[in-house]
Every structure is written in C-alpha cells, then in structure tokens.
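Below you will find the structure I want to go over with you.
Order as written gives the chain letters A, B and C; numbering starts at 1 within each chain.
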Amino acid sequence: MKHRFGNRFVLVAAVVALTSLALAAASSARTDGGGVSGRITADGSSTVGPYVTAGAERFQRANRGAQVTVGISGTGGGFERFCKGETDMSNASRPIKQTEAAICRTNGVTYVPFLVANDGISIVVNKDNTWANCLTTAELKKIWDTGSKVDNWQDVRQGFPNVKLSLFGPGTDSGTFDFFTEVINGKSKRSRSDYAATENDDVAVRGVAGERGGLAYFGLSYYEENKNTLKLLGVDSGGGCTLPSIKTVQAYSYKPLSRPLFVYVKRDAFKRPVVQAFVRYMIQNERAIAKTAKFVSLTDRQLRKSKYQYNQAIRFAKR
Amino acid sequence: MATPDVTAGAKPVPRLRASRRRYGEDVVKGALALCALVSVATTVGIVVALFLPAIEFFRTISIVDYLTGIRWAPLFEPASFGVLPLVVGTLSVTLWAVLVCLPFGLGAAIYLSEYAPGRTRKVLKPALEVLAGIPTVVYGFFALTFVTPLFRDLGLGLEVQNALAAGIVMGVMLIPTVASISEDAMSAVPRDLRDGAYALGSTRYQVATRIVVPAAISGIVASFVLAISRAVGETMIVLLAGGLNPTLTFDPRQAIETMTAFIAATGQGDIPVDSIEYKTIFAVGATLFLATLVMNLFSIRLVRKFREVYE
Amino acid sequence: MSAVPGDIRGGGRRQGELQARLFSVFLLLSMGIGLVTLGTLVVQVFLDGVRLVDPVLLTDAPSADPAFAGAGPAILATIYMGLLLIAFTVPVGVGTAIYLEEYADRDRWYNRALEVNIQNLAAVPSIVYGILGLAFLVRGLGLGRVLLAGAMILTLLVLPTVIIAAREAIRAVPASIRQGAYALGATRWQVVWRQVLPAATPGIATGSILAVSRAIGETAPLLLVGALTYVAFNPTLLGDFTALPVQIYQWTSRSQAEFRELAAAAIIVLLAILLTLNAFAIWLRNRYGRRW
C-alpha cells in the first residue's frame, strides 16, 4: 500500500498539466491556411459594435487565422482604451472629443477616423401604443431633460391617455446617450436619471415591448432587428414629422437625430497586414455588411471618402 | 535519524534525538504557511482594493450626502451620489427572498431532521443540494423568462424587470443554505433530549417545535443571517431580472437597481480610471462588503457557538 | 399548554392535532417548493433549448445571427478554466489545510484569526472578488482582460471552500494513523506526506471537484474581469475570452426569442458539464472513500 495514493496524486497532477498544455498549444496554433492571420482588438460603442462584429464574422470566415475581438464598453470607454494604445480600433457613435484627442496626443497615438455607416436614433414605443405617432423635439426634451417629473403620457401632450410612462435608454458611457442628450437637451450627459439605463440595448427593447407605456431611444438597427415587437415614432423638429429610414437618414433630413458612425483606427495598426486587410474588407463589403447588420449604409460620397482615406493611410504606413 | 543499536551483546543507550536538525521540516512548514498566507493576502487585497479608492471618493463626495441622498445618478449631468435607491433596491429584493427562504428553509430542515424516514431522507437531502448547485445565471434566466411572464399572466401587473420575481427566485435558491445549516444544528442536539420528550408522551410536532428548534436556535439563526448575507451579495439574478433602474421604492412590481447590479453594470464598461465615476464602483463595493462582513462575522460566531456546545 | 401533555387523552388533543396537521402540511410544502421549482426550471430549460443542442452550438462561434451562433469558444474557455482552477487551488488549498490541521498551534491568536478569515472569505459576495480582480489584475498588474486573470480571480473565490473541504478530509483521518507513524520515528512531514495525505486524498479530490464545479458556474466576477467581448476564436491563456456562463448571460439579455432558446440550450450544456463533474466527484467518494 506504500505510496499508492501518493503516486495517484502525481499522476493526476501530470494529466491535468499535460491537458492544459495541450489545449494551450492547440488553440494558439490555429493559423491554418487561407488569408491573413493576426489579432485585431476593437472596442467602443454598443451601437457600432454589431456592425463591426458582422464585418468581423465574415472576415474571419474568409481568413481563418484572423482573430478579431469586439468589445462594447461604450464610446467613451472605447476611446479611453484606444488612447492608451490598448486597442487597434475604436468604435464610436460620435466624433472623438477634444479631451480624448488630447490624451491620444500625449500618448503618441495617431489615428484615422473612418465613416462606416449612418444611423438615426430612433424613438420607439410599445406596439399597443395607439395614441402617439410623432413627437416634437420640444416634447422629447420635456420627457428627458434633467429634473423632469413627467411620468405619465398625459403629461406629454394634451389628449394622450392616462398611461404610465416607462423609460428606457442607453447608459451614460454610451455615445448614443451623449449624442441624444446634446441635441435634444442641449448639453451632453444632461438628462433625467430615473430611467432604466443600460449599455445593453436589448434590455431596452424587451422593456418597451413589455410595457404599454414604454418609450426608449437607441440606434435604428435595434429597431430594425425587432420590428415586429416595437413601434417607431417620427420626430418633428419644426419641419414636419419625419420617420427614420435609409433615405431620410442618408439625406440627414431625419433631424436632429441622424448621425454618422465611426471606426477610429490606430495608424500604427495599419502597419500590420491583417488590419489593412480587415479595413479594406469592411470598405469593400460595406453595403453587404450594412444590410446584414441592418444599418443605414454610406452614401456614395461617403464611401468614396472612406476609400480615399484608406489609400492615404496605407501610403503613410508604408513609409 | 539514529536508531538504537540492538546487535547482540551490546546494551546501548538509544539516541532518540536526531543527530542533526532537519532543515527540510522547517522549509516545509514555511512553504505551507506561505500557502496559508494566500488567504490573508486575499483579504488584504480586498480591503485595499475597496477602501483606498473609496476613501478618495469620500474626499470629494460628502459621506453624509452619500448615505442620505435619494438620487443615484453618478454618471449624469448634474451628478448625484445618494446611495439610498441602491440600498432600498437591495433591501426590497432581499425582503422577498427572506420571506421565502427562512420559513421554507427551516421547514425543510425540520422535515429532514425530525420527520423524514431514513430512505426518503437519503433521496431528498441530495435533491435539495442540487438546488444549491445550479448556477445563479440560470436562476436569473428562469426568473426573467418564466417567473415574470407567469406572474404577469396571473395579472400581478409586474414590469418586465422587477423586485418580486428576482426576490422569490433568490429565496428558493437560498432554501438549501438555510436548510443545511439548520439541519446540522438540529442533528447536533443530543438524542437524549428528544428521547426524554418522547418518553413523556410528546408528539413529533411538540418535540420538533418545543425541544429541537429551541435547542438548535443559535445554529438556525446563523443560517438565517448567512442567507440574508448571500441575498444581499447576489448579483446575476438581480442583474437579469431585477433591473437597472435606481428608483427609491419598495413596490416589488417595479424595476429597481441593487448595489450588486450597479457594480456589475458599471464595471463592465471602461470608465476613465481616475474619474469619480470609476470610484463609485469601489464606494458601493465597500458599502456592500461592510454590510455582508458584519453579517458573516455574526453568523460565524453563532455557528462556532453551537458546534462547541454539543461537541 | 403545559409542558407535560396531561391532556393527551383529553379534549385538548383535538387542537393539538389540528396544529400538528397544519405543521406537517407546512413542512411538506417547504420541501415541495424547492423541489417543484427545481423540476420546473429543468423542464422549462429543457423544453426551450433541447432543439438547439447540436454540433453548431458546441463548436461554432457566437454570431449576431442566431441561426449560426454557437458557444464553442465559450465552452472551451470554461473547460480550460476548470483545469486551471484545479491546478491552482489544489496545491494552495491543501497546503493551507495541512498547515492549519497539522502544523498550526491553535492557541496562537494568528492561527485562530486565520481560520475566521477563511470562513469569512467563503461568504464574501462573488462580485467583490470581481472588483478585486479589476483593481489588481486588470488595471494594477496590467494583465488586461485575459483568461489568466479570470482564472486567478476564480481561484481566490473558490480557495476558501477547497480549504474547508480539505480540512474536513484531513481531520477525518484517525489520530491512530498519525500516532503510529510518529511512534515509528517519522517526522511530521513524513507523517503528512506518506500517511495522512494518501488517506485523505479521496475526500480532498471530491471536495475540490465540487468546489471547482461551483466556480465554473460563476458569472459576476468574470463580467468585471472582461469576459464580455465578442470572441470568435478559441481561447488562449493571455487572450480575450468569454466563458459559458457569460455567454448564457449575453444571450439571455438579447431580446429576440431565438436567443432565448440559444441561452436555454447553452444552459443545458452547462448543467451537463456540472452534472458530470459532480457525478465524478461522488463516484470518487464512493469508490475510494473510507469509513474509519
């Protein structure tokens, strides 16, 4: 009986160690043929995230050795990591702020901003909401401004029924939040705080779909993904009621909630073939990706600009 | 080590002390103590990780505002740092959890300890343990996709995320916690006490309620306190089914936000490290840690007490 | 009612009987609630998800399109993390348990404090461990949000449970075994390594596996240590990762019905993994466990 269990101990430990090593080896050696290989890290907006993810999926299928990760820390969070040099690409649903750009400068991070899609922030309500079809920007401000006590539809407009208002929206790290509050309430981050705030827009979708008096705002693609459970409202900023659609968003006639979506790419990252290939892939397949991910694609003019920027960036990187 | 020389003839004095000090033993003891220090390091790490940023936080935000303010809006403009909505959210969910797990956990324990025949017990006790082994994210899924719709269909007027469903599911999850510690305490009660009562003609009901439960009361209370502590610290069920809406209400039909849900939701995103918003994670975390620490220490003392008394 | 139920044959018995009956009902209800909920949960998850448990789920990467989405990288990461957990927690946990049971002098205040510390750590909310990881590993050490960081944090989370389980197993070894060895002149370490540990191994193995199986179902600490990205490739030690419970959380959060079914399917996989681990642990205990 000598050392019977002592030996087993060692045996088990050896098996565990070997298995771990084997797994590690197996997973890192996945650069089997076909296309470029390498790692790309992207992080940022939860609105732009699904777009980049859709592109990454297709790209990785064509290039088995490529490894793309896409985080959704929010536009602000994405820039923070980006300007520290932690990520290669930063997804943003608003342009980079002065303060953020300064940090990038201090850390020596130079970048190229690419337009990837257009978006119209959509106001959605529950399917059983029969009374509202359009809200003015003034009414939106009344609902969402800081200190607002509006918690019933009848306080929004005369004639609306007595139904409790349930608000859902993006959290404060979201570019969508920054943009919406700036154009509707007048100042970025200025907003009432007693609503269900979440980076995860699906929570908002589920919330509005479940509450008769629900109201939420998020990117158009989330509405498109959930068309059959939500109702879209038009927005009137003085020139009549406009519903967001590919046409109105591209023409920016859906005011003031139309906006471009960006991906900022580090200039240093452009030196790597896998990044070049990925950006080129995204630009070339822009229409298809937008269609899959249910985004509003770029106009011809915007697409031309992206191609131009890409060529410039490549030339710069080759120096 | 020297062994006594027992060859024929000689009558040696056995040298029972080692001829030289075995330094290996000291090395081993040191290595093992080092292992033990990992747990000390963990506690120190938790305290440092939580309280250093929390102290910095309280240099900017007055602790009175924090503890008494009724608006939790740390990331908005203008910001407000009153933690009460989060505390009330936590208490609201915990209340419902406690209403489920305390009575039913104790009932299950009494049943297993005093009523169940041996074979039934052998099957039912592990079954309860399975309940404890299910991951909390699965409970969250269950609460969100089954319990809430069920209650809504029953006409209870719940919001999609609410304190009631989260609390009740959490309570069921905690039944095994209460049951197993209470049952431990009850089985530690000596047989003589029960036998004496039975000999005097008591019924099982009388023995259970008047003899066993009072005798095991410190263990039972310990299990209650531990369950409350776990309810306060639970994250996934409330994150999925409780909501992210910091409102100051005890209405269980509404969505609320607990301290844990706030930490989980905010910690996922990347906030600038030195900002006041980042530090809210630690301030709330420190609050949570202190609350559960007090309860845990109390519960540990009680468990030691009941283990000592009968051993 | 008096302590001696003298009214055992009297009218008071009726009242007592009703009370006792109600009480029994209450007890059965208590057991029932837990078991019925468990049954409902399992059945519900099964009905929702069994349709989708297929090779696509098990090997493919997550996708925005539910038809193509799978949990392959997540499952691998969970298994990988389980192995790492065992490799990390068993040496440290058993070492601590040996120290406390065989070497530590109970009268010293620091050894008693150590015990209380471990018991307390076992009850600290899991999200606090996540904060610990966020502060020290992700930001402090600059490890970033990688698999290794997740494994390290889960190690700390589950270590107290492993220590407690190992202590029980070591304590169960009778004193006579130790004393016999000491009498034959063994040193303390020889006694531990050659007698106590081999005898306690089945108990330690069972306890560790059960503890680790609890850990791989944990989600909250991993959320903070960054397991929330879209990851389409297999996990490596220092790479971005996502784990099965986190994948379940993400899919549950999605609003479309197809994702709810995917979440249920992933839950089935997770429960299957846990069931296997637990069954293995119990088999170990029955096969090798000894009753002294």
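In the analysis below, contacts are C-beta pairs under 8 Å (C-beta built on N, C-alpha and C of every residue); 3 or more make two chains touch, one makes a residue touch a chain.
Computed from a predicted structure; not experimentally measured.
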Any chain that touches chain C and chain A:
B
Most contacts: which chain pair?
B-C
So, comparing C-alpha centroids, which chain is the farthest one from chain C?
A
With centres defined as the mean C-alpha position, give me the chain A-chain B separation in Å.
37
Where the CA atoms of chain B average out and where those of chain C average out, how many Å apart are those spots?
14
Shared interface positions of chain A, touching two or more other chains
43, 203, 206, 209
Going through chain B residue by residue, note those that touch at least 2 other chains and give them in order.
268
At least two partner chains per residue is the criterion; list those residues in chain C.
228, 253
Can you tell me which positions in chain A touch chain C when the two form their complex?
3-6, 8-9, 12-13, 16-17, 19-20, 23-24, 26-28, 30, 39, 41, 43, 49-50, 53-54, 56-57, 60, 67-72, 86, 200, 202-203, 205-206, 209, 225-226, 229, 292-293
So, in the complex, the side of chain B touching chain A is made of residues 71-73, 75-78, 80, 152, 159-161, 243-247, 255, 265, 268-272, 277
Note which residues of chain B are touching chain C in the complex, please.
1, 3, 22, 24-25, 28-29, 31-36, 38-40, 42-43, 45-46, 49-50, 53, 100, 103-108, 110-112, 115, 124, 127-128, 130-131, 133-142, 144-146, 169, 172, 175-176, 179, 200-206, 208-210, 226, 229-230, 232-236, 239-240, 260, 263-264, 267-268, 273, 281-282, 285, 288-289, 292-293, 296-297, 299-300
Once bound in the complex, which stretches of chain A touch chain B?
43, 73-74, 76-78, 80-81, 146, 166, 171-173, 181, 187-199, 203, 206-207, 209-211
Residues on chain C engaged by chain B in the complex (per definition of touch)
3-5, 8, 16, 19-20, 23-24, 26-31, 33-35, 37-38, 40-41, 44-45, 48, 91-96, 98-100, 103-104, 114, 116-121, 123-132, 134-136, 139, 156, 159-160, 163, 185, 187-189, 213-214, 217-220, 223-224, 228, 245, 248-249, 252-253, 260, 263-264, 267, 270-271, 274, 278
